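Reading through the structure tokens given below for one structure.
Labels A, B, C and D are assigned to the chains in the order they are written; within every chain, residues are numbered from 1.
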Amino acid sequence: MPNIDRREFLKLVGAGGVSVGAGFMLREANKDPREYLIPHVLAPEDFSSGLDTFYNSVCSMCPAGCGISVRTREGRAKKIEGNPAHPVSQGRLCTLGQAGLQALYNPDRLTAPMRRTGEGESASFEEITWEQGLKQVGDRLDLLRAARRGNRVAFLTQGVRGHLAQLFESFMRQLGSPRLLHYDFDHPHTLYAANQQFFGESRLPYYDLANTRLLLSFGADYLNNWISPVHHSLGFGESRQGRADVRGRFVQIEPRMSISGAAADEWIPAKPGTEGILALGLAHHIVAEGNYNGADLGAWTNALADYTPDAVAEQTGVPVNSITRLADSFVDTTPSLAIGGGAAGNHSNGVDTLVAVNALNYLVGNIGQEGGLVLNPEPAGPAVQQHRASYSAMVELAEAARQGEIDILIISGTNPVFTLPPAAEFAEALAQIPLVVSLSSFLDETTALADVILPSHTYLESWGDDFPEPGVGFSVGAVSQPVVSPLYNTRGTGDIILDLARRMGSSSVMPWQNMEEFLKYGWRRIYQRGDSQTLAQGFDAFWTSVLKAGAWGETTNGSTAFTLNPDVIAGIGVAPPEFSGSEEDYPFILHPYLSPNFHDGRGANLPWMQELPDPMTSVVYGSWVEVNPVTAEEMGLSEGDLVDIQSPHGQLRVPVFVYPAIMPNVIAIPIGQGHGEYGRYAKGRGVNPIEILSPLLEPITGNLASSATRVNLTPTGGRVKLVKTGGVSRDLGRDIVQHTSLGVEVSSAADNSIPITEVTT
Amino acid sequence: MTTETFKLGYNDIHDDVVRSIVKTGPKYYIALATAGGVTLLCFFFPWSYQLYYGIGAAGMNHPGVWGTYLASFIFWIGLSHSGTLLSCVLHLTNSSWRKAMYRSAEAMTLFSLVVAATYVMVHVGRPWFIHWAVPYPNQMELWPNFRSPLLFDVMAIATYITGSTIFIYMGSIPDFAAVRDRTSGWRNTMYTLLSLGWRGTDKEWHRLHWAYTFLAVLIIPLAVSVHSIVSWDFAMSIVPSLHQTIFAPYFVVGAIYSGTAGIVTVMFVLRKTMGFEQYITKLHFDNLGKLLLVLSLIWTYINGVELFTAWYSGTSEEYEALGYKLFGYYAWLYWEMILFCAVAPMLMFSTRFRTSFVPMLILSIAINIGMYTERFLIVATSLSRQYLPDAWGTYVPSPVEISIMVGSFALFTTLFLIFVKIFPSVSMYEVKETMATPKMEPAAPAAGSPA
Amino acid sequence: MNVSIVPALKVLRPAAMLVIVILVGLVLGYWANATFVPGNSPEQPIAFSHKIHAGDNEVPCLYCHTQARRSPSAGVPAVSKCVGCHLEVATEKPQIRLLMSYWENREPIPWIKVHDLPDFVHFTHKRHVLANIECQTCHGPVETMDRITVSSRAVNGSAQVGHPWKMGLCLSCHRENEVVNGIDCLTCHK
Amino acid sequence: MSLFSRFMDGWRKYRKPGYYDEFDYHWTMTIDLDKCTGCEACVTACQAENNIPVVGEDEMAKGREMQWIRIERYWEGEYPNAKLSFIPMMCQHCDAAPCETVCPVGATYHNQDGLNAQIYNRCIGTRACAVYCPYEVRYFNYYDHEWDSPLEQQLNPDVTVRGKGVMEKCTFCIQRIRQAKDVAKDDDRRRVQDGEMQPACVQTCPTKALVFGDRKEHESQVYKSMNDPRNYRVLDELNTDSSVFYLKKVDA
């Protein structure tokens, strides 16, 4: 041992000791944190740890009603997929349907009943128990019912179908109040009215896209959010490449190219509101060329007399040869189909336009045929005469509130403060109503003005059922069952209504304890319709089989025979559209369209939807106004320039997006952004074009003519960076999306790709 | 080449160099403090911020995944080629004018390599796993991917660092011995250890000279391979404007060019601060200037070839990349590079310019700015516009990146300041070779004349 | 002047010794913690002994860990399974009374996790149990342990008590048994 | 085998992706551009299935979107006959992938099923693979992304949640391939049949534009659509030998 003195030795021992301690602590530091393994108390029977369990249910993110199958793992919902057994979705889903999980697990969900405290600015919500909330509302209801003044209660809900609608109806019948309104901004009132006029039944027919060979779509964005996008996409795919030798042709007629316009073979920009005139122009050509020889030929010829192709071309801006070519191809290719709706229906001549489109189908004789327009059978669901509230019905409700005729307003699932233009002054009317009760799961604009909030489950936690409206040609139904146990202290909408019914003393008429019981009671009637074989196994087996399959159907098809009553032909005619605001000071026509991500604003609080690039412009997290390149050139505008959009009823500031496929005098803004409330993802983002819509009405249905607002565009000089994922959207001759023409047998060896027999790597 | 005879004698060179090591005036401490402070503040602090939060602190985004970190890495590797060129190539061609400068040039090599290696750690997303790039046997039975040019980088730069460390250390052993004999106390202990018992016998000199030449011959191909490998990180990709065969020579010439400019800058600073005016004279600057001129002409030629091949290829991708480089978002940077690296060096045709110190300093700094811009442009313009136009995007450096770049220069300066206080920054025995040997006075006291 | 480096080394000797002592100390401290501190066999809320159950009474593993045959995770028995036997068996023992107290107020037993793989590893008990690999291969001689400790199989078959699982363990076993696609990364990395 | 032939065998294997002579499966996808309407259901389905984080507005503004499958838009022509076509772009799982050669630590390689595997916890984040990929389909985790509670309850336990500094890309839903193989192995060790394994995007595509399957099985739907006369591969001239075949859009 080298000779070291004492001091040296003590120093070494001290250092040694310290380092041993340091080594000890070092090992302690990089130990894994302690984790626990919490077992069940009672082993659950329907799932085991580590394995997936699938539950079938119904998606209610939009009114289409696709069947879904939700994959859950250990009690948590992991992925929503389409239910292959459900005829509407056939295993497929749209982007909003896929994002349903973010509605269930949204961080901004209401977690418990709340009551408003304080007034005006200092108003805030304090948490209350369910007992307090229900008692406060139940007692008022009981009081009104006892005093026979039940009609002072109004019930405003989104367009629900099935037994929930029946529950609302019997609830309001107990109160003796007619004020049950189903209000949706995107509900096609004009299409229902046109069908009522033409077919005599106010129901949507089934548009058989899958088997058609030519589709003329007048303004209907059937691939995006018109009625049933997933089913229409399935039909589109089938018609395009589903059949071996035939390829369907799609023509889209609209002032601004939508998703359906991009997918179409031909996009024809017609002046806004003149789609109906174009349809009658085609009809005129068909009749004039003698391609229609029905008994009522004479009536048709003089009804369509003044819709000569030249007059129509001048009014619609569509060249004459396009009109004649379209009419001829519409007659020659059988089966062909014409559909209309969307922006075309939201003009002052909306109903006449859609009647004209139905007339086209009649002239070609594809009503009730395969690949044409099939009339739906009676819906299998409960007989419910839904009062679909148009814009004027909502204005009447607001007026009644201002007159003080309404004591209680119950709102479930709809957000009128956001989806009604300020001209309706709906928010001010709410202030006049003493008790406003909201059953919404999120704090949206309307719920923020409510007095009592009784939050309901999201669709993945509650019972319900749905009988899809346009359906699939035969009657279909599906039960929506809870896939996860409720996350928060919320209840099903049906359970809340049943509880309120009990509290107002009508438990004798509505005896069911909860929504599930009521559903079983309702489905017993559908069980009776079943054939002998299902009747044999008993209701419980039937019920579990419907839940397991996630879909129920009957093969009763609609009636194919159809006779058109003659005076409808006499009434055919489309007046040119009127717009609010004069042409000089408001040169542009505003074309608000439902955003693919947010539908009518309900999807704005979903982070995936906010971050999904808009299909046409790839912009994320914001709003924009689409301007024709030539117009933008003239006004010296480029992408990202902030402009003020001024309409007779409001003003917005929004950045410009130069959009190659929109008419020069038309500008388009997507609906869905511009929320003041509705959670951290939606609040304070983008603008809401509904705010500047002028309250012009469509005379027959009284609904808002939302595409009939004239605006002007003033650059503000400000610039903002439009957040988008796309770079330069031009191919620059690099053949990234390659094209081929029909019928040319392009053998794979012809072009430079490696001949694929078995690619020997 | 007339060997310039110094009017100084052996003792003057010894005194000057030892004075530069031993005497540390307040100016040195201030310089060291500021350089160290700036390094900590601008290099290590933002880097630790980025390590904690993630590389998002920098400005990289989806198409432009490489940014100034990689550009700076290439710039520092480029700067490191100065030492190699000066000490090895000129040693083999035994030109006498390199003798005063080669020690600090080699130090520049070593320190810019160290900074470059640190930059790899800054550039990489998860530096705590960078040891996986080393082929050590592990229980996961996983080896690095030997086909990857990035792994060539790791190998080449590791060899290059060890090579140049040995080269600089071995070359300064006689100087350590000389300083050892003139210092005392802890310095004496240090230099005794550093000089490995050097006695200055003939055998030692012979063996040193042989080893030095052997290493010089070894390091030249090593340096050329290091920078061609660095260029292969780009050239082996199929990115439109990067996938060219000219890249290896382009990078090697660029590296030597930027390195030599770096030497001019360092020599100017060294002359001023350490008082070596007599040793680093006009002749050195004149020769360096000629070298710079030749390199700038080659560099310009290669740039021309690169533009021509892109234009001549006629494909949409190359046209777009060329158009974007010349007239796109970064165009002003491109023309600034051309001005600094191709046009300005033409001044060096005049001898008067070459031999005047301050203009040469300014020109060398300009060249290095131009060269940094060139590396940045290679990274930025090529990545933002590739094959799919819808995936195009631009890349803008973020404040964190800029501060780390400034910090890297401060780190280099700090290392250099420490070097000057340990290593004799001018090689004494080589300079003495150029001096006239002192006449032996018959009656000179034989008090152990210096080795 | 002497040029040898020996005196210089002498000057540095105390510093060198200090460094060596510190290094040895660090290694010693680290090793001591690793082996003696029961980090990898923590004290459980109920002193459940596998030795009594699996060892002496030879209760089969799959009786309690039922999911091992069907699911990636073997699963821990619910409290109801323990109570199934212990309503009658050994009810007087203090640990069993502790178990029954959990059962009375319907509270799950917070077992402390001993065996754990990182989150990016995809390990399915099902495939290994169906390939009839003994549980002891990876979990060590469980039937002899009063308190479960982390243990892994050494290459030569004997279980190395005290060392958590490393990738080398899985690879060597997959290589030995020529598992189809056994050494493909995506087999075990999620 | 003589030394020379062993050497030649080694060289031939070395030239093959992942050194395999024969792939076990050869997963392939075909995308019919005539059917694709750009509705982006596949983008959301992929985000839901593979724990892809929401990066937030300012990260998107910086250009750091995180989507394993993105829809690229290309306008042709000017108003009024402007036409827009969509092309879904995801990892092409190339058999001669430029990204596999450049990763210094071998975090991405070609496995025996013809997949380009990206092993997250082996990646050290040099991002060279993203530079080398001509399709720009590799996305980098610039930050640790977090999910506002309770959104994290939706995370898929079969897929790693990637931390910062790691590259990620479409894996053809490797967790579903693994699940399908598990089920097939239980069913007396047969191979995965056509249609049993569908990635999330293929499963949800409302127009059935996306088809997925094993190219080695000649009755599979993907084999037929792969040999449809309209098939081509994007950037085929780069010889990446991609496993995603696009069917040309038809101009009627």
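Basically, contacts are C-beta pairs under 8 Å (C-beta built on N, C-alpha and C of every residue); 3 or more make two chains touch, one makes a residue touch a chain.
Everything numeric here is computed off the predicted structure, so don't read it as measured data.
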Dominant interface by pair count is A-D
Taking the mean of all protein C-alpha atoms as the centre, the chain whose own C-alpha mean lies closest is D
Chain A to chain D, mean C-alpha position gap in Å, rounds to 31
So, in whole Å, the Cα centroid of chain A is separated from that of chain B by 64
Averaging C-alpha coordinates per chain, one finds the centres of chain B and chain D separated by a number of Å equal to 43
Note: chain D sits from chain C at a C-alpha centroid distance in Å of 37
Expected list for chain B, residues touching two or more other chains, is 63, 387-391, 393
Multi-partner residues in chain C (2 or more other chains touched) are none
Residue ranges of chain A touching at least 2 other chains are 618, 726, 729-731, 736
Among line, ring, star, complete and other, the chain touch graph is complete
The answer for chain A against chain B in the complex is residues 618, 726-734, 736
The residues of chain A that touch chain C in their complex are 2, 4, 8, 11-12, 15-28, 31-32, 34-43, 48-51
Listed in rising order, the residues of chain A that touch chain D in the complex are 73, 76-82, 91-95, 97-99, 101-102, 104-107, 223-224, 229-230, 233-234, 236-238, 240-242, 247, 249, 257, 259-260, 262-263, 265, 267, 269, 487, 596, 607-613, 615-616, 618, 620-621, 628-630, 660-662, 664, 680, 721, 723, 725-726, 729-731, 736-742, 745-748, 751-754, 756-759, 761
Residue positions on chain C within touch of chain A in the complex are 13-14, 17-18, 21-34, 37, 39, 42, 66-67, 70-73, 75-81, 103, 106-113, 116
The chain C residues in contact with chain B across the complex are 1, 3-5, 7-9, 11-12, 166-168, 171, 183
